[in-house]
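Below, subunit A partners subunit B and then partners subunit C, in two separate complexes.
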Partner chain A sequence: MLVWSRRGRALLWTVFALVFVPVVLAPLAVLVLAAVAGSWNGVLPTGYTTGHLGDALAGEQVASLSVSLQTAFLAGIGAVIVGVWGALAVREAPPAARRIADAAMHLPIAVPSVVVGLGLLTAFSRPPIALNGTMWLVVIAHFVLVLAFAYSTVSAALERTDPAYAQVAASLGASPMRVLWRVRVPMLMPAVSAAASLSLALSMGEVGATIMVYPASWRPLSVTIFTLTDRGKVFLASAETVVLLATTVVILVGLGVATRRGRR
Partner chain B sequence: MTAAIGLRDVTVHYGRTEALSAFSIDVAVGETVALLGPSGSGKSTALKAVAGFLRPSAGSVLLAGRDVTHAPPRERGIGVVVQQYALFPHMKVKDNVAFGLAAMGRADRRARVAEVLDLVGMAAYAGRYPRELSGGQQQRVAIARALAIRPPVLLLDEPLSALDASLRAEMVGELQRLKRELPDTAVLYVTHDQTEALALADRIAVMRDARLVDVDATEELYHRPPSAFTASFLGAANLIPREGGELLVVRPHQVAVAAAGTPGGRAARVTGVQWRGSTYRVTCALDADGTEVRADVASLDGLPGVGETATVLVPTVGEGATVVRV
Partner chain C sequence: MSHPWRRTPWLLPPLLLIAGFFLYPLYFVVRESLTADSAPGVTLATWQRVLTSGRFLDALGSTVTISLAATVGCVVLGTFFATVLAFVPFPGAGLVTRLVDTLLAFPSFLIALAFTFLYGSAGIVNTALGGSAVGDFLYSPWCVIAAEITFYTPFVMRPLLAAYSHVPREQLDVAASLGARPGRVFARIVLPEALPALAAGGCLTLLLTLNEFGIVLFIGAKDVTTLPMLVHSYGVVTFDLPAACVVAVIQVALSSALYAVYRRTFHKGR
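Entry: the complex of A and B
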């Protein structure tokens, strides 16, 4: 929508600022300040230190960040592959099967993450498949939670793609596999990249299901932040949050640049 | 001689809608047949049935006498150019054109790509991406890609509809030249534009509501249309009621408009005038029954203006008009 009058534009910007500043900007600013605060008794911190950030980048905390990254990559790659495959398969399915499969793929969005966590915990804590206490339960929980978003991103892009590309490719003698790998998947790359970014970002911040299934040996940073806050270590938790945020942003920007390079 | 393309009572359903109803046509080797009709007439559906992009619910599709009704597109060896060209956006022009030549050796492939790009005048653009080309250039590449596999049959689905008017006229000329250079290629050309059909087709099949209305040699169909629909769709003819439930078919350029009271004509009222550059199109309503008659005249000098009474002069059957039954 275009707003033509100067006053209208000024009003819109004011409303935007009134919403954006307290809801998004202020909490982030407070986090960053808390991460470097020595003590905080007034409106602003009374002393500054890099000690918390130093702690956040040492020993146990770095291990926790590494766990978060590994989980996010494993779950993200899995979700993107299954999401692309699911989207392609659902598109080709007969209408009735298509509706059911589409709803099933979207189901994890509707199910609360705590339910996913508890479900996995009860399902896999006894043989034949006992994964309780292993990292795999965390990875699977993240995979299930981000899959729906990866699927939905790719599936929306596929919906917009003219079927003529695949048809013309087939009429030029290409086998279904060649059509898939040379035409359909390359044309989906922007959506695949978006799905990967979304999966990574969601996984890095996941707490709800993770907290129910993580073993002591595999504690992602998001859970570490939660437990630190719980124990009243707000400054260290803030520093951890800044590290988590920075890492995620760097990865997402890197992924975006790589995709643009790939597309030239 | 066996027809290059044969459709035998092909019926296609989209869900419950019948998109094509018992449609039959033959296209001979080297012949160009245009499927002409308004949108929703089933012409694109017929083309998709030939290409194998959809499965007929009844009837059969033959290519050089071979039944391919249930064969997938890749086993048909047909060149297809679709409306929006569908050039693969992530491949350069030369890779698009080479896509159908995977079975060839590298050197042969390169030679064939150069040859077809040369044929459509796009040799200089081999290293470009589709998005770096204009609509007309993309169109040429799409044709080159389809022709690269030396298909005995070429299907063109509204190939010029995405181009602007002047480019369209240029491309019609280009397609005429290609046709001369490929005398053995059978072409099925789907269009809603009668000028393209008249310029390119040896025969025209007029379609309406999923059915074939008329099919005949282009000139025959234009000069002696067998039905009222074909007469009005092909050449925008006037249809003037006569006695005995017949309609007089008269093209706008055969009609003259004169001052009211001119002997030998029909009394009418001028309802509109459009300037078309080389001619004026004058629309009149006949006093007798209100029938609208369109006339193309070179000059408006001495003619009544809009809203005034006039005389419409229409040729008789012996003078170039024809007759169809309602």
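Entry: the complex of A and C
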């Protein structure tokens, strides 16, 4: 406890509420309100409807949601596998190689997503590998962007695990593959689950690289939401955003439950 | 391990993927920036055209100012929020902490979208206060700064809360029982412990706000252009690929220099 006087605490909490509510809480609340607002002429909506949410889950919009989910799964699975592989390999490497490899794996974090998209667009719009106009450019962009976060999550967890378990298993005669599968990877499972969640969430909300490379046939939800906003359909855009957040949260909770079950 | 170099080949697959999908495209960005429609071969004509254009200089200026202002705001607000949550907790503080954690995984454009309802010409604030109380706030740089502060404050709070959990509560209680006022306890015990985490969070926020795109795109103010916005508008709106690549190279140089400082300062051990 930092503040002991009752008046001091009350004052501090009041200030906290006065800042926190308009800065953090209000935007989130307004978005949800807009998603169910029928008409909005006063301070608060004058009528409520589920129409926007219904539209958000129909036709073009639901196709876009499916594109987002597929992209997130493909990019996320790839990023988690490569991230775990990278973290394990970097950990085993000699110090010099380790420093360089670690920096290389983190590098995409430093670069704005728009530039990642621009790079892929410039490099893969010509032979030998022409991928422009295909879904793969979107998937690759998302993979590159979430890989650094997946790697970072797993590698931080690896730093905290005790190498003694793997050493004991090896000294008892387990082959390196067996040590990897039975000891090291299982110990990393919570981090793998966290990395998967983070990758999925980031991919679902990615705009910068996506807007540079997406073809008309593969338009993720985030771009659809931008198009709707740009055309002034802000209520539908809000409903769509709520759908995006809800889908993400449902997947993350599911992943969390699955991980906990798996560990029992 | 006895033969460390024997295991190095395992590094190759992930590094090759980074090279193929990240470094190789960046190389093309640099190469494309050295071309121009007006002149064949390698030329600096596009660099000259972009660097002397008012549009670029404006974007550079507003990118740096917006991200510095947003970072200062995040550090101040984040410190205040985290300190209250950790050391003067109220009922429900745990719930608030979890809400803030969730915000980290959300896309930034949702804040921009919400701001249009809050601060637009027919938005809540204008309606509540009558007429045009906030005027053109939505289309000013201040609105972008405010949106970035809302979105990036959690990035400062997260490391700060982690650092605060290492501060022994007994020290605070002893200091207070010896007569130190809260401000003094905060400045002498809490702050020194938290300073590295605060600096790391601030540095990361500066990097992320320099690179921020979603918020600026969704607010869509005509007068507020940042470097990532310029890359986008040159690249896929006016199809001036060489110019987009020039801006991209400058942005990458700026961001990676900052990132190098961040890594050097906060990842010494690795």
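Side notes on the structure shown:
Convention: the second predicted complex is superposed on the first by the 244 of 264 C-alpha atoms of A that agree within 3 Å, B and C clash if a C-alpha of one lies under 4 Å from a C-alpha of the other, contacts with A are read in each partner's own complex, and residues count from 1 in each chain.
By definition in this document, a contact is a pair of C-beta atoms (placed from the backbone, for glycine too) under 8 Å apart; a residue touches a chain by one contact, two chains touch by 3 or more.
Model, not experiment: these values are computed from the prediction.
Superposition of the two structures on subunit A leaves subunit B and subunit C fitting side by side, clash-free. In the superposed model, A:L172 makes contact with subunit B only, not with subunit C. Across the overlaid complexes, the C-alpha centre of subunit A sees subunit B and subunit C at an angle of 90°, to the nearest 10.
In the superposed model, A:A97 lies in contact with subunit C only, and not with subunit B. Within the superposed three-chain model, A:P128 lies out of touch with both subunit B and subunit C [touch as defined at top]. In the superposition on chain A, A:T229 contacts subunit C only, with no contact to subunit B. Legend: residue contacts after superposition of the two complexes on their common chain; A:A164 is shown touching subunit B, with no touch to subunit C.
Of the two partner chains, subunit C is the only one that A:R9 touches; subunit B does not reach it.
After overlaying the two complexes on the shared chain, residue contacts for A:M187 are found with subunit B alone; subunit C is out of touch.
The larger set of touched subunit A residues comes from C, when the choice is between subunit B and subunit C.
For the three-chain overlay built from the shared chain A, the minimum Cα spacing from subunit B to subunit C equals 5 Å.
On subunit A, the surface touched by subunit B in one complex and the surface touched by subunit C in the other have no residue in common.
Of all residues in subunit A, only 1-4, 8-9, 12-13, 16, 19-20, 23-24, 26-28, 30-31, 33-34, 40-44, 82-83, 85-86, 88-90, 92-94, 97-99, 101-116, 118-124, 140, 143-144, 147, 151, 197-198, 201-202, 204-208, 211-212, 222, 225-226, 229-230, 234, 237-238, 241, 244-245, 248-249, 252 touch subunit C in the complex they form. Residue ranges of subunit C in contact with subunit A, taken from their complex: 1, 4-5, 7-8, 10-11, 13-15, 17-18, 21-22, 24-29, 32, 77, 80-81, 83-84, 87-88, 90, 96, 99-100, 102-103, 105-111, 113-118, 124, 127-128, 149-150, 153, 169, 172-173, 176, 182, 185-186, 190, 207, 210-211, 213-214, 217-218, 220, 227-228, 231-232, 235-236, 241, 244-245, 248, 251-252, 255-256, 258-259, 263, 270. Only residues 162, 164-165, 167-175, 178, 182-183, 186-187, 189, 263 of subunit A touch subunit B when the two sit together in their complex. Touching subunit A in their complex are the following residues of subunit B: 51-53, 72-74, 76-80, 82-84, 86, 88-90, 99-100, 102-103, 145-146, 149.
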